[in-house]
Amino acid sequence: MKLGVCAQVFYPLGRGPAAFAQAVAQAAELGFEAIELPCDARSPFIDLDDALAGGWTRIAELVRGAGLTISALSNHQEGQLLLGGSDTDAIFAGTAEAKTRYAHDRLVRTAELARRLEVDVVCGFTGCEDYARWFPWPIEDGYERMVPRFREVMRPLLDELAARGVRFAHECHPRQFAYNLETAQLALAAVDDHPALAFNFDPANLLLAGMDPVVFVAELGARIAHAHGKDGELVAHHAGRSGLLAHGAPHRRDRGFRFRVPGWGDLSWRRLISELQLAGFAGVIAVEHEDPTMSPREGLVQAVRHLAPLILREPAPGTRWW
Amino acid sequence: MKLGVCAQVFYPLGRGPAAFAQAVAQAAELGFEAIELPCDARSPFIDLDDALAGGWTRIAELVRGAGLTISALSNHQEGQLLLGGSDTDAIFAGTAEAKTRYAHDRLVRTAELARRLEVDVVCGFTGCEDYARWFPWPIEDGYERMVPRFREVMRPLLDELAARGVRFAHECHPRQFAYNLETAQLALAAVDDHPALAFNFDPANLLLAGMDPVVFVAELGARIAHAHGKDGELVAHHAGRSGLLAHGAPHRRDRGFRFRVPGWGDLSWRRLISELQLAGFAGVIAVEHEDPTMSPREGLVQAVRHLAPLILREPAPGTRWW
Amino acid sequence: MKLGVCAQVFYPLGRGPAAFAQAVAQAAELGFEAIELPCDARSPFIDLDDALAGGWTRIAELVRGAGLTISALSNHQEGQLLLGGSDTDAIFAGTAEAKTRYAHDRLVRTAELARRLEVDVVCGFTGCEDYARWFPWPIEDGYERMVPRFREVMRPLLDELAARGVRFAHECHPRQFAYNLETAQLALAAVDDHPALAFNFDPANLLLAGMDPVVFVAELGARIAHAHGKDGELVAHHAGRSGLLAHGAPHRRDRGFRFRVPGWGDLSWRRLISELQLAGFAGVIAVEHEDPTMSPREGLVQAVRHLAPLILREPAPGTRWW
Amino acid sequence: MKLGVCAQVFYPLGRGPAAFAQAVAQAAELGFEAIELPCDARSPFIDLDDALAGGWTRIAELVRGAGLTISALSNHQEGQLLLGGSDTDAIFAGTAEAKTRYAHDRLVRTAELARRLEVDVVCGFTGCEDYARWFPWPIEDGYERMVPRFREVMRPLLDELAARGVRFAHECHPRQFAYNLETAQLALAAVDDHPALAFNFDPANLLLAGMDPVVFVAELGARIAHAHGKDGELVAHHAGRSGLLAHGAPHRRDRGFRFRVPGWGDLSWRRLISELQLAGFAGVIAVEHEDPTMSPREGLVQAVRHLAPLILREPAPGTRWW
Amino acid sequence: MKLGVCAQVFYPLGRGPAAFAQAVAQAAELGFEAIELPCDARSPFIDLDDALAGGWTRIAELVRGAGLTISALSNHQEGQLLLGGSDTDAIFAGTAEAKTRYAHDRLVRTAELARRLEVDVVCGFTGCEDYARWFPWPIEDGYERMVPRFREVMRPLLDELAARGVRFAHECHPRQFAYNLETAQLALAAVDDHPALAFNFDPANLLLAGMDPVVFVAELGARIAHAHGKDGELVAHHAGRSGLLAHGAPHRRDRGFRFRVPGWGDLSWRRLISELQLAGFAGVIAVEHEDPTMSPREGLVQAVRHLAPLILREPAPGTRWW
Amino acid sequence: MKLGVCAQVFYPLGRGPAAFAQAVAQAAELGFEAIELPCDARSPFIDLDDALAGGWTRIAELVRGAGLTISALSNHQEGQLLLGGSDTDAIFAGTAEAKTRYAHDRLVRTAELARRLEVDVVCGFTGCEDYARWFPWPIEDGYERMVPRFREVMRPLLDELAARGVRFAHECHPRQFAYNLETAQLALAAVDDHPALAFNFDPANLLLAGMDPVVFVAELGARIAHAHGKDGELVAHHAGRSGLLAHGAPHRRDRGFRFRVPGWGDLSWRRLISELQLAGFAGVIAVEHEDPTMSPREGLVQAVRHLAPLILREPAPGTRWW
């Protein structure tokens, strides 16, 4: 395993190559070994058109020059458009069909950029026709009804990615078709276990679904292509009031649940890393800092302080030597 | 407090007055003192048109004759249409506007029937423009954006109910605008604390939101007009896999969460009843049996066995006598 | 074991023999087998002077006539005066010395009445020179400093009781010298394990000291002469705020700790009764109802409902038969 | 489901038909509907030779006359001899081979008696070559090494039972080859899922193995032919000292673990019965009283008081009616 | 936030300027950035008379010279005399009135010294007329009765401090009028929310009151002027015996509760620091080492090792950047 | 206290002096201060015959040269033969008597080597006549029956060790006569508290017995001569299935319990070290790495990272300085 970072935390540095260079330099200086790079239209660091037109060499050099690797490209914003769901107009305005087409195109191009950068994972979202259907009322089979559309949209996309040697690492998350272990398994079944469908394991999102993220690794470990170093906290003194399903802005002080940097939430990273290790995972855990209590820089410092000493770099032995 | 029952559990008895009479008789025989009667179009026992046209006297006599009272009329099905949300076509097909109009009309008539029956509570749902917005992404202020519509739809309805001496007891539940304590408080604020907005306290639904139902009573006890005797179980040996937000049919054996009859779930009814008692609640706790492990009859027997001995009939003394 | 009741819960019935007769009749009707009778000056049922002057025969007949036994006489009010402590003027005004003398005299007379009634236990308090010394600051040996006075006051009293065949069952409780297991052991040591010093085991008081009442039975079971059926609740949704050491009136709604009737608090009566059984305790558990959520009558109904089915009447077998 | 009782608790009544009649009468009077009858040589009620020689009709009449059924015959004592293990000389002295032969013969005859009594389950033990091998040291594959012997001894026995229409319900328990879920699955595999190998589900024994008995039902529910109503208590105030693996006499007061009657231990019978219900179990839960804190009679009274109200007699509905 | 230390841990170094210089040097060397200086008569480092007579410049230079700041002056010893309570003769012998006068005078002079040193906080105690009154018996309104005296003594003192630009940071603690959140709020109300009344937040003391220290921050965060880095341990293997309210010497080995250095007790410093951060606290957390298991030096090393990496130096961002 | 390491983790380095030198060098480089050296016939580093014939000087020099000390010699393999138990033929084939003789001889010679090396502890096992007897069935007094043999075998051995100034530090562990606190106390009683019987405190083994290792220290701290830094994990997501008593290979992925390096299991090393400190333990905690998830080297790195900062080197002060 290696320790990486998601580039969003550096967005306050500004737009363009200079800001990007600064981001990469700070990542290296803070002790990260890899970086996950968002490629959606909102990204201040990567312009997909420009990159595919040749800019990719500069990206590669810049990252390599800082001693980092790119653990994954990501495109959550536009992935959200694939299967729709509400509130996506700020990402791309248009009909549902147009949104899907746009998202498909952007993700294929993200994958193409990944291929050129010799990165084999694109992390992202898929959206969800109707996420409210996780509760089986007024209709009982709401989730099953969404399977055909998931298959219809995702199979061609996965084929395109496979053709480029890239896997799509879906991140289970609220408002996605797959938001917990069982819906992840449903998604795999929907595309006949397509080899290009993998997962970006974000344990905080799974905590928010009320399940045990370690069980996700135990059952789907072989499909985990990338991981996020993000923690979650059921805020003990507020949870009785606002609950796990706290609505409203993430930095609202009295939420019953908030995302945290690793070590400051409820997750046992030792348990998580142990199970990843037993599952043979040797990839990158990229810190995603969405912790409302810490500045961007201080949150990263804390995350590295907690995670770096726990990263295991040698595989489990598999036999006893004693 | 008194112990009541929700009439849905008797639907297998069939349609019409004879089935209804049988339902009421069984309720009395099982030890219930009150009944909550659904008045939506799907109800096999109450035809709203017929009842308002005079049938209500027969209903009143039948219930009274069995030694019961009507704790509330209810209309969850059609209430779901008020603010929309998906998957409601089986209830009433039409535009969003038509659905709202239909629901408004049906609820007003339900209230009118309540008035004639000398019942002062109508329990129900309100639906939700977009329940998926409980998670603040892709937009952060999704819940706040729905406040104006809630106000616009609910205020006139509440006025109509108030004019009939009836309170609308909203049941916090997934896919409703108010699904936990904080959204219940948001709903109250949205209608300027309209005196006709109350709550049908269903602790199992609140458990499913990841909060502590006792805290709901501690903060909003004065607005609780009716309660449901329904329990919920975070199924310990499955919860690690499917989580609190388990999708799929309620009787699926391996769900991480299931509704239970009181006493068979995780709720402490002594804690709940203690806080209801301190809040001065002297109304009805109506058993709602949606427990997939027990037959309709056996579930009610179990519920009565657990709850009846805990029902407190005298108010808290308020001073010390010792 | 048998199930009894503390007479204080019947004080609202009024003063004098008629009220007392009513109290005893209600106790019997509710299913109790024994009664603990307070004999302090505040008692509306027992006038110590009158009783010793011959009234005791009437008391004995009245209780026997209702099919009850007297499990213990009690005198907590005046016992509080023995070692002083503040706020006792309402019980008896005077110098510390006068209070001790008065208390000694009253307790000896209570014991004399017990002897005549063929009751071998007097439950009560001892007070405490300075209960605030449970915390070892500003001085570290505060508790040890109080040992001589405890010995000086208690030894003669215990001798008097022993001469009458009566044990003094001290009830560990805040503001008493012995308030938990360790101070109970200190008290025993202070009087050289005087055979007349026993304990009235009130598990709720021990819960309030933050210890496990079952351990008290495991270590001091042989010294338990009487028990109280009283429960305590660390009020989950308030405890974070007001803590175990909640000040203020017992019926204040938002206390972090409150006394409850058995079954409505945190105690496992099965664990307690199991350990009492293994300790060979075959005495009376007298329900002391100080539950601010229930009327006097309803609290007793609840207590009997919970405890009566758990009372074990046959000793543990001591060997295996299977 | 029905509620039964294991006959050992009546052994203190003495030997022979009169004692047996008394046992059956008491079982019925206490509210049991079925009885599990031990048939080993130590049984005071059943003489296997006599019963097979015709005495079985008297047994059948006696049990039927009391309104009971026989839920199972059992033979734990002699079953222990099948695969040996130490300390069995008091059951039958001889070589390991002779013990196995004797046990085989006795179990086949127990099954033959079951056939005549129209009972289709024989509960029992199998013993274990070397139970100490649960810990993988000094050799790692100790358990696997015992599989061939298990297969060799059990297959012919299971064939004999199958020929008589009887299943062998092995009770997972310390010192048996199968003592938890995984070894139960190993046992099934060892005999190629022989249809005559079932389990007598005793949740207290599984608790003592440190696992969750409900998971046993979830995975092997279809193989559960009979169940024991026995509870277990990790004795909170002693467990830190003596641990789960407490040695020494079962009635030793300070053990860290002890068997209890249902309701007085750590098991949630509601969770257990819910899962049995979902597994379609409709058999008998026979109370096995080995609780060192209660007399034989009082233990049964407590067990019935706790379990009888929880016994579900109608199958889970499987669909939603509401 | 910054990390500081309470100077008491250096008392073994001896009296006078040289010892003081050594203390300050060691504090700096161990990694502390600030120091809390006691100014009571027992302090070996600060002589109040001498300091006010000009010695303060030397103090200021010495501390500054070591690269430290003074986070607060403190005066717990003499503060204890303000409202009395027992066992204070070793601090100052005299009548209650004389003690109060002396304490008032000493605290005003402590504040005056603070002013000269440009320190705006004086930490301390207030004592308590009768701390035993936390339990509402024999009188119910014991706490309320002490409000007037608290007001009478504290208002003039707070005015004096305010006149010097200094806040009095009361430390909730046993034997003080304010010992938990609710009594802290009572204290504030008693002085009409006097702006000079603040709190020295010592989470271990609040743990000892059985409450959640994080809730104190959530409700009174804006009044926290200073904090103590002190932890508390409910000693799991002794707590069943001696309870939370363990009496006797702090270094007694078998206490049920003991103070610990941060990281070695039950507190989650991440939860505490998160809430302090959200409350906008940017002051000093001064380690107070009263841990009976570690030498003065080793305890400080452990405290720094645990706390230093958790100190957040940048404010919470308040918006989302991702 | 100091931090040491058990040499088995270096066995993959190969046999002989060069490998041993490498092992010692790596131990020093990783930050250990001491090493526990196995002396059984399987040890690749120590040949007992050769060492006693003079090789011990080379061993002493080598260890000293690396800046380490020898915390203990150990001989678990051959100790297992002392009292027998099954599955020991791979250690030494022969009759039970021959095994005991061989083991006695080997342990005496191990002690002799210890004497020459100025090491006063030999860690090891004793084996157990019949470990399956921890469960009291088929016979109740199985453990008591093994006391005479334990005494007969151990007394002469302990005398031999005592004559060499060496204590035998038995390691409680499955398949040993003493496997938890109570059997350790039984062992001490069996040899009349022989001064040469001590314990090698391995908290992970005690966890596996279902007890609290801290209680072992609280009661037998004075007999702890050496400690192991080994942790244990009740694997939360598998424990429901395979339980605490999981059989099969230690590196099987789905075991319910596994040994871990310190910090990665369930033990609180702060609680353990606090109690060791209060017990006056000033010896070595030697990391024993049997963690199936980490390579030999990486496991040691993790262990040092967790334990080294917690090692207390100064005794508890015993008084208060503040």
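The first chain written gets the first letter, and so on, giving A, B, C, D, E and F; residue counts start at 1 in each chain.
Throughout what follows, a contact is a pair of C-beta atoms (placed from the backbone, for glycine too) under 8 Å apart; a residue touches a chain by one contact, two chains touch by 3 or more.
None of these values were measured; they are calculated from a predicted model.
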Both-way neighbours, i.e. chains that touch subunit E and touch subunit D: C, F
Far-end chain from subunit D, centres as C-alpha averages: E
Rotational angle, Cα trace of subunit A fitted to subunit B, multiple of 5°: 180
Proportion of interface numbers common to subunit C and subunit D (over half same, under half different): different
Distance from the mean Cα position of subunit F to that of subunit C, given in whole angstrom: 51
Subunit A and subunit F, separation of their C-alpha mean positions in angstrom: 45
Multi-partner residues of subunit F (at least 2 other chains): 140, 212, 214-215, 237, 240, 249-250, 320
Residue ranges of subunit D touching subunit B (in the complex, touch as defined): 212, 214-215, 218, 270-271, 274-275, 277-278, 309-310, 312-322
Subunit B-touching residues of subunit C, taken from the complex the two chains share: 8-9, 11-12, 233, 236-237, 249-251, 253-254, 263-264, 288-290, 292-298, 302, 305
Contact set on subunit B toward subunit A in their complex: 77, 80, 85-88, 90-91, 128, 130-144, 174-175, 179-183, 206, 209-212, 214-215, 219, 234, 239-250, 256-257
